[in-house]
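In the two complexes below, subunit A is the common chain; its partner is subunit B in one and subunit C in the other.
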Partner chain A sequence: MARISLIVIVALLLAGPLFCPFDPIAQDREAASSPPTIHHWLGTDDYGRDLAARFLYGGRWSILTGAAATLLALTLGWIAGGAAGFIGGAADAIIMMVAEWFLAVPWLYLLVAARAAMPLDLSPRVAMLAIILLIAIVNWARPARLVRGLVLTLSRKGYVEAARGFGVPRWKIFVRHILPGTAGLLTAQALLLFPRFVLAEVTLSFLGLGAGEPHPSWGALILPLKQIYLLSDHWWTLLPTLLMLPFFVATAILAQGLEKRYRLSR
Partner chain B sequence: MIRRALASLLQIVAISAIAFFLFSVAPGDFYSAERLSPQLHGRSIEQWRAARGLDRPWPVRYARWIESCARGDFGTSLAYGIPVTRLVAPRVVRSAVILFPAWIFGWIVAVCTAAWAARRRDRMLEPAMTILNMSPEVIVVSVLLWIGVALRIPLERAWLPSMGLILAIAPLVFIHAFRAVSEAQSANFVRIAASRGIASRRLWIRFILPAAANPLISLIGPSLAAAIGSSLVIEAMSGWPGLGPLFLEAVQSRDYDVVQAVVVMLGAVLTFTNLAADLILYRLDPRIHLNTDGAH
Partner chain C sequence: MSWIRRTGAVALAASILQTALLAADAAPQHGGTLRVVQRAEPKTFNPVVALDAPSRDILRRIHADLISIDRQTQTTVPALAESWTRSKDGRTYRLKLRKEVRFSDGAPFTAADVVFSFAVYLDEKIKSPQRDLLLIDDRPIECRAIDAWTVEFRLPQPYAAAERLFDSVALLPKHRLENAWRQGNLQDAWSLSTPPEEIAGLGPFRLKSYSPGERVVLERNPYYWKKSLPNLDAIEFRFLPDEDVQLARFVAGDVDILNRVNPKSARYLQSKGASLADLGPGLEYNFLCFNLSPNSSKRAWFENRDFRQALSLAVDREAMARIIFQSRAAPIWGHVSPGNKLWYFAQLPRTPRNVPAARELLKRAGFAGKPMDFSILVSASSAERVQMATMLQSDWKEIGISVNIVTLEFRAMLDRVLNTRQFDTCILGLGGGDADPNPEMNVWLSSGAMHLWNPNQPHPATPWEAELDSLMHRQMVTLDYAARKQAYDRVQQIVAEQAPMIFLVSPHVVVAQRGNVGNFRPAILDHQTLWNADELYLKTAGPVQ
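What follows is the complex of A and B.
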């Protein structure tokens, strides 16, 4: 159920712009601040931009950023954790110590600080790449720690010891017998991190550190809600924000189910 | 134990060095914006920078910063021209005033509900809490704002950020507490105790809750980190003049002494919270060895 709805939501956001007749940036002053109508399903904002189009385009943007960041963060964490578990000794201690440092700072603060250290007026594409990179760099530590723990657990398993007994070289044991075992953990982590990173992008855009104004993003849709008059007089500006919820809820349910299954199978 | 405390101290120093390095390699500084002003001569900006020591390489500045920190001086805000401590301290107080009560209240509510739900073997609350836990703060706070506007509740009070924080903390703690209590409930020694006719109250106080305590104690640090992270967004959203808005403002105007102080302070708070949680665990559970291989 959650799986189907997540697939539908993501498909809708990825393909949605194809069906949407409005340009998310085009301003129609005639129809500014209009409540939902037959044409503008979610109404328009103060500049006369169609909110449904901004929701769809913005969602595609936020979700792609989140997905890419998840992929990159997991890859970094996988490499660091795998290396720490495989090499062991001093390398292990150093990698895990650095991971500990990254875990000790609230990551949103770190992310905001790091993003702010870059110029604010980047083109949307460059900003997207920068955000993906930063999210991954700030968040590699937790998956790295989990992967390392799992590698250490797996290398004490019977079949690994058996392989070792047969004289299989160490790297081969690692590649053939230990790495495949981390797949389940990585999938569960991916589902857990994906919504969180989408949210990180949304939050950065909300704080004005995202892709920058005319560009649609979910964070840019939430930003105007800080102005109270919008909530009291233009109630429909809250609609896009509420429509974001199903995505987060569906990923949460899915991640929980996967985690449960993963815990049972171990 | 001393080694563990030293490791924490090293961690704080490392965080400060990383933060310092990050801001030093970043292009531009506080005076970048003033360079655009036609009234200012390039040379006077250079003089200002030299007066603040901003033209030195970063290791030199870092050494100076560490030295001044040791004297209790955490730098001077370039934007306000007053010592960072005087700028940050009132903001920290304003943030703490809502953060800690909300954090503690969230914990109490979450643990009580979790114990109650686990006792009744209620399976409905957990999915609901998961959904709430995954609902982004920005969305939760916008809905709260909307409710406040609709019901004409004054918005400048502390209720909005407090509610937002409680809604951010309680579900997280609930999920872990529910899991821990449920597991403890079905542990063998609890079942044996129950079958020997130990009264329900005693069973809960002496057997189930202590068994569920370990994972919860290690959650203290992460939950505080989550609360601090959420407070950044929640304060920005609800206009609460705490640490979050100051941090954002400093970040955008490149007032790095302030940013640096905030990052290091938060890192220190969390490091010590984690240390405290570890020490409590160590006291409570003799099976745990400090500093073995970091695999908790």
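What follows is the complex of A and C.
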């Protein structure tokens, strides 16, 4: 059920903008602060921008950022963890020491601090790339440590010892027999990290460190809700936030299930 | 025109409400604690070095001045000086002090305290923020005692509205602070850790307690010079940094007065039964300022007057007032808001938004077809100004200009604007203080540190800035109001024509009370609701439950 929900939500977010007639940036000031109507399904914001369009485009932005950051963080973690586990010795010690530094600092604070230290005068595309890069750099350590542990375990398996005994080169053992064994772990990690990274992008946008106005993002949609009068006067601005919930719930359920299955299989 | 009708309706409703609020004040009652909120804690209890608004808001209830500005009429009224005379050359003021006045510790107040106070404020070593206000043409005013109840002030040159200089200059108790001053550590006196009984003033209240992170409590000064006042037993300043928390506490009945209400929150508060007063446009003017400094990367564009005027023409000020401020703001084309009754220049052209004319102007100036982009720097803590930037971004997209919005924490933003000058344009607000033009000398003089588009110029960079300098000097030394007004009207006209700043909106001053505060007479000048704290009283039963 969670899997189907997630597929539907992601498909809707990726394809939704194609059939949404409104530009998420265009301001129609005559229709400012309008409750939901037949044209504006989720109403409009203060500037008359269609909230449904902003939800769909913003969701696509947040999900693509989260997905790209996940891919990059896992790649970095996989390379670093694989290298540490397989090479061992000084390389292992140094890589794991650096990883521990990253793990010791609360990653969200580190992310916010790193983004705040960067130039703020960035175009939305550059800001998106910067955020992807930052999320990945701040979050490579956890997958790296897990991959290292798995590589060490796999290195002691009988079939690896046998391959070593037959004189198979080290790199070949690594590529043929060890790396494929990390696929399950990486998939489970991907599903764990993906919603977290989407949430990280949402958080940065909420704090004004995301792509910035007028670019739509889920964080920017949540931002006005901290104002107390909105829930009584402009109740419809809550709708996009409610629609975000199924995405996060579905990904959380799926990730939990996968992690459980992965642990059982080990 | 719809915004005019709406603004008119709001102003009418507000004036009816205000009349109703005032009519209710019959016989003041004594006693009770008034609960107000502040966004931040005070940084000091020393009025000589207090720079931040939270400290000053508290200290103004503890201390008194010689001559005050009546916040409602915007004119000067006697305070501790019961009368004064001005010499024919306009350079000497002689002030008669009230007799039998005592500090809050019971010690008598005399001319020696006045001389001591001004010596402290003018002491270069102390670097009091008040010092700049007591310099005329970079020369200090001189103060001497004629007798125990008379003081004389000698000005280096005639200075229009010199009486206004005395407003909010807290008079200090010589017997308490002289030693600290002589030992050179007056800056450290009366800190937040000083026991309350060591702090004495001439204001209606005195410090009772300070709980860090929580509140400051002021109690009634039994020696206050206005007999039978103040009406209140105490004022409690609670520190609530978040505006929404302030609203929630107000609605819950924990707070009696909200000094400035965000226009968007006004309707919410009304729905909760609060008494609101919309006083119309305040003195604050919000504007976008171009960086015309020599190191500005976009200077080639910005120094073109047609470029600046084209941008101004493309701005939808009415929409800003309507959308951001729910019609509780006035669109402005000059720096003096319609709320400033004495200095507003009504003949200043108010050109409505005209996108085709803006495009034509850009074309004529040779900008047609060129890719143009720059950034707007804005404080992240001001939701309204961020919204202004968003609307400007959309307005200017229509004339082919792409804008990046850069939000920064307020102090980081000020550092870029005032010190490093690393910005293209910025949105700021000024003008919350006095109605008189003189406190803004440093904004309009080319040599001024607050001459935001190109500060601290050794010589005026342009002929129109040279004319601004000359007009501002002339209005400063002219004692005749009509002649001053004429000079200042011309200043407003030049600034509007040259458009180094694009003026946007002047928000209304909206205040709220729970309906239980008597003698509540809010004003557009700072402090909007507590300026007459000595007269405020609590009614036994308020209408809001």
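Just so we're on the same page, the second predicted complex is superposed on the first by the 266 of 266 C-alpha atoms of A that agree within 3 Å, B and C clash if a C-alpha of one lies under 4 Å from a C-alpha of the other, contacts with A are read in each partner's own complex, and residues count from 1 in each chain.
Basically, a residue touches a chain if its C-beta (ideal position, glycine included) is under 8 Å from a C-beta of that chain, and two chains touch if they have at least 3 such contacts.
Just so it is clear, the structure is predicted and the values come from calculations on it, not from any experiment.
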Inquiry  = Touch test for A:123: subunit B only (first), subunit C only (second), both, or neither?
reply    = second
Ask   = After superposition on the shared chain, which partner residues are touched by A:167: those of subunit B (first), subunit C (second), both, or neither?
value = neither
Task = In the overlay, answer first, second, both or neither for which of subunit B and subunit C A:214 touches.
result = second
Task = Scan A:158 for contacts with subunit B and subunit C and give back first, second, both or neither.
result = neither
Query = For A:226, is the partner it touches subunit B (first), subunit C (second), both, or none of the two (neither)?
reply = both
Request  = In the overlay, answer first, second, both or neither for which of subunit B and subunit C A:108 touches.
outcome  = first
Query = Between subunit B (first) and subunit C (second), which does A:21 come into contact with in this model arrangement: first, second, both, or neither?
reply = neither
Request  = Would you mind checking which one, subunit B or subunit C, touches more residues on subunit A?
outcome  = B
Ask   = If you lay the two complexes on top of each other, which residues of subunit A touch subunit B in one and subunit C in the other?
value = 120, 208, 226, 228, 232
Message = Taking the touch rule as given, give the residues of subunit A at its contact with subunit B in the complex, in rising order.
response = 96-97, 100-101, 104-110, 112-114, 116-120, 145, 148-149, 152, 195, 199, 202-203, 206-208, 219, 222, 225-226, 228, 231-232, 235, 238, 241-242, 244-245, 248-249, 251-253, 256
Contact set on subunit A toward subunit C in their complex = 25, 27, 29, 32-33, 46-47, 120-123, 208, 212-214, 226-229, 232-233
Request  = Please give the residue numbers of subunit B that touch subunit A in the complex, ascending.
outcome  = 7, 11, 14-15, 18-19, 22-23, 25-28, 127, 130-131, 133-136, 138-139, 142-143, 145-146, 149-150, 155, 225, 228-229, 232-233, 236-237, 239, 247-248, 251-252, 254, 259, 262-263, 266-267, 270-271, 274, 294-295
Subunit A-facing residues of subunit C, complex = 244, 247-248, 264-265, 267-268, 271, 316, 319, 322-324, 375, 380, 383, 386-387, 389-391, 393-394, 404-408
